[in-house]
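Chain nomenclature is as follows: A, B and C, assigned in order of appearance, with residue numbering initiated at 1 for each chain independently.
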Amino acid sequence: MNASATLPHTQPVRTGLARTTLLAQLRRVERRKRLRAMALTLPLLLFLAVTFLVPLGALLMRAVENPEVAGTLVRTGAALQHWDRTSAPPDAAYAAIVQDLGAIPETAQAGVLARRLNTEIGGARSLIMSTYRALPLANSATPEQARVALLALDPRWGELPFWWAIAKNSSRWTPDYLLTALDLKRDAQGHIGRVGADEAAFSEILVRTFYISSVVTLVCIALGYPLAYWLSTLNARRANLMMILLLLPFWTSVLVRIAAWIVLLQSSGLVNRFLMFLGVINEPLALLFNRLGVIIAMVHILLPFMVLPLYSVMKSIPNNYVKAAISLGSPPFTAFLRVYVPQTFPGVAAGGLLVFITAIGYYVTPALLGGPGDQMLSYYVAQYTNVEVNWGMACALGSVLLTATLVLYVFYRRFAKSELSLG
Amino acid sequence: MKIKPVILALAATATIALPALAQSELTVVNFGGANGAAQKKAYFEPFEKSGAAKVIAVEYNGEQAKIKAMVEAKKVVWDVVEVESPDLNRGCDEGLFEKLDWAKIGNKSDFQPAAVHECGVGVFVWSTVMAYNADKIKNAPTSWADFWNTSKYPGKRGMRKGARYNLEFALMADGVKAADVYKVLATKDGADRAFKKLTELKPNIQFWEAGAQPPQFLVAGDVVMSTAFNGRIDAAQREGKNLQITWTGGIYDLDYWVMPAGGPNKDLATKFIAMASSPNEQAEYARNISYGPTNNKALTKLDASVLAKLPTSPSNSKDALRFNITFWADQGEALEKRFAAWAAQ
Amino acid sequence: MKRSVFPVYYTWFDKLGWVGLRALCGAVLFFLLLPILVIIPLSFSDSSFLTYPITGWSLRWYQELFASPDWARATRNSFIVAPLATIIATALGTLAAVGLARVQFFGKGLITSLLIAPMVVPIVVVGVSTYLFFARIGLSDSYTALILVHAALGAPFVVTTVLATLQGFNQNLVRASLGLGVGPIQTFFRITLPVIAPGVISGGLFAFATSFDEVVVTLFLAGPLQGTLPRQMFTGIRENISPTIAAVATLLILFTASLMVVLEWLRGRVK
């Protein structure tokens, strides 16, 4: 009988040298299988690389890019390189800036430069634009004449802060956006220190973001744990029914739920009316456009994210441990606390981290339901992108948020042995 | 005779001629709401009726980032945009808007001086004023000091989320005269004074972001007084709600038509802007929403009852001050950041 | 003797706890369902204010909804973007999951993390980064960018769902098929795919729901003409919550509820 006829993908087995050949064939087949598996993941990988990873990299780059000044005020930057920052800038710098501004071909680029310097020091915009429009200056051949002419045009050219701003930004890369995102700044000499109290917004915002997310996570654990436990004790049919009730809000659009909460929590809404009807309160409570409304809505949206992983962990815990504890004489509640609950810790950690990671990235809920003191970090990323059009700052804040999330995700992977999933 | 070549020739001429016969489209972007509805009636419908083009009206909330992205990528899909004054200056400096050909638009001397800009034409004059629910408040507030007076007028106040306008109102409530407000605000002490005054009122403030929110808050009773755009209060009045305006100390400003640079329909857009700036159309707009026309010739076409509700009428602009674009262009980002820090405390 | 629902050894404290647990769970479930229950009747109210008690009933908000060109455009856009994004996500995601399922290869852990990344990264960071990137190449305010990014957001759900399904997949079926002479591609389409179909479809439904409900990235990437239903709702909630929003909400609840029923039925099939 010819063996080759029955196994199309292998060569005929030979005796003697058979084992080595078989091993080599096996290795070859295994390698082909591995390559094929890798090749199958390649399309999605490439797709994600283009639509997702490359933009993320561009965002991180933009957080440290600083092309506006370095590209236009080249000579000025060179002239200011050895300036000590305490005395008046050298005359060569004045001449250089007249030259540089004169060399800008389009108003658009001058405008971009003006905007960039204005984020360093307020007032720079009008200074640069008015100087640009007044060029060419008469009597500005020599550096001294250039200085005199500039000071005559606008006395602000004699103020050091404007020159500091130019000197600081003469390099293509800057840590300033990231420093501002952490409420730090570089002074004229380049030393890093904290910003003044009335300018320090971002550390407060970051703390606020973590605080709100922590509160939401704790409330979700408090409400979700009993619910998941009870669901895990039900028989299959009832559990399915309750699951549907749990999943219905989960599948409902976030905006629908936010709209519903606004209807419920407004001062003439159902909650206030009900409480007044019961006589508990006389005046409507402020439940909307403040932190309480934001937390209520976020708990509502994130509760299923807590219940589902917890439920799947709890379902996999065999119930004979608790029964054994009870049969050994432990009161049921103590058995629950000391035998059952510790077994659920991985589920609590997984669910809690999932909720926390999702909560710190929240944008829509606080934007629609919160006051200005309740906006989370994402809101400011969006503000800087759309309203202030300061994309460097937006990317810096986004990088901070991204870093925090990735650090937490590493923790999550350690607790949950599996990937981010919902059970 | 060969039929086929004749048919082919006819088809060829048809494909060339048809696009010219097909109606072109003009995308006009505005802030929507009652303002958008009035623009539809006064500008878009006559423009379409004249056969020039079909108008696609699009709503946005002032995000300049979209215009910047469009212009930089050289893929401009918005032909005419309504922008606020700080954005006009900023965008013009940064080359985001086309320079207008005023010869095609109209006589510069017909317009208010503030409405004439190399990159834009004023659309209307609007004012941020104090509005109150006349059902809940019987004796009208007369100044910003009254707005701050929570013992005389208990209840919450609505204010726009952000530093703009609020800092000026705070200074006026603290006793600064309207003409001196920006001078004071430009100094560090002045800014500190404004924020201190705002802190006084802070527990009673409910912030709004969209123009439609103040009338909503006032009618629902969430606030007893609010800063608001006068046109939105006017729209609520037309719907029968008893909301009233105190004009003293209002801050007026203009919105402008601009054309994003590099747009494909420059001539058509200029035609639209010219039509929208002519006296008849502006008068019709003012009849639909109480924003002041920028073309002075339009004022003669309006009757007294309409004129009385405009921000530009003598009685309403008596104590008003003009929003200072230069100041806000320079100090805006820093002050808004400070406001964010202040709001967090 | 009547049989008690409690085990024999329960003290009064335990009985209290038992009742208390069920009361708490009932309250939590009520909390979860309340907003949905509240907004549906409001869409049928005839008052233009969203308050209770409802004085009269009417269908005028639905009529306004169907007559409005903005909502029509938003609905059309949602049903253009979501299906296309789902198809891309499901196709690429299923392939990737098949590749990840059985075989260990170099860098598998890293690749898995990269493929799951869109689920982890904060959504506003995705929105800003893709906006700035696509704007630079001239694709901002376009359907293309929106569909591509929605697909990227939905793909991880497909990958995890299909991976989970493949854990229970009997590899011998494939071996038998290969042994009978069928090529690998044919085997995939005629053996593997039909068996894992419930997992693929539920992953696809997850991806569809992700795209359909997505608002943050849409706020950045979509121009006013590409606005989807959530985008339109966002503007509506900000500007003026009229009962039209309640009507949209009701229709969306019905739509997603039916999707969910299909998903639960498929889940039963998978297990």
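We take it that a residue touches a chain if its C-beta (ideal position, glycine included) is under 8 Å from a C-beta of that chain, and two chains touch if they have at least 3 such contacts.
Just so it is clear, the model here is predicted, and its values are computed rather than measured.
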More Cb-Cb contact pairs, comparing A-B against B-C, go to A-B
In terms of CA centroid distance, which chain is the most far removed from chain C?
B
Chain nearest the overall Cα centroid
A
Roughly how far is chain A from chain C, going centre to centre by Cα mean, in whole Å?
22
Chain A-chain B separation of Cα centroids, rounded to whole Å
33
CA centre of chain B versus CA centre of chain C: separation in Å?
39
Contacts with two or more other chains occur in chain A at residues 268, 385-386, 391
Listed in rising order, chain B residues that touch 2 or more other chains are 66, 220
Chain C residues counted as touching two or more neighbouring chains
131-132, 136, 238
Chain C partner, complex, touching residues on chain A are 7-9, 33-41, 43-45, 47-48, 51-56, 58-59, 62, 223-224, 226-227, 229-230, 240, 242-249, 251-264, 268-270, 273, 300, 303-304, 326, 331-333, 357, 360-361, 363-364, 368, 378, 381-382, 385-386, 391, 394-395, 398, 401-402, 405-406, 409, 419-421
Any idea which chain A residues touch chain B in the complex?
106-112, 114-115, 118-119, 122-126, 129, 198-201, 204-205, 208, 266-268, 289, 371-373, 375, 380, 385-391
Sort out for me which residues of chain B touch chain A in the complex.
62-66, 68, 90, 92-96, 161, 195, 206-207, 220-222, 326, 329-331, 333-334, 336-345
Provide the residue numbers of chain C that touch chain B in the complex, in ascending order.
49, 131-132, 135-141, 223-225, 235, 238-240
Given the complex with chain A, which residues does chain C contribute to the contact?
7, 9-11, 13-14, 17, 21-22, 24-25, 28-29, 31-36, 38-39, 42, 50-52, 88, 92-93, 95-96, 98-100, 102-106, 111-112, 114-134, 136, 148-149, 151-152, 155-156, 159-160, 164, 178-179, 181, 184, 209, 212-213, 215-216, 219-220, 229-230, 233-234, 237-238, 241, 245-246, 248-249, 252-253, 256-257, 259-261, 264, 268
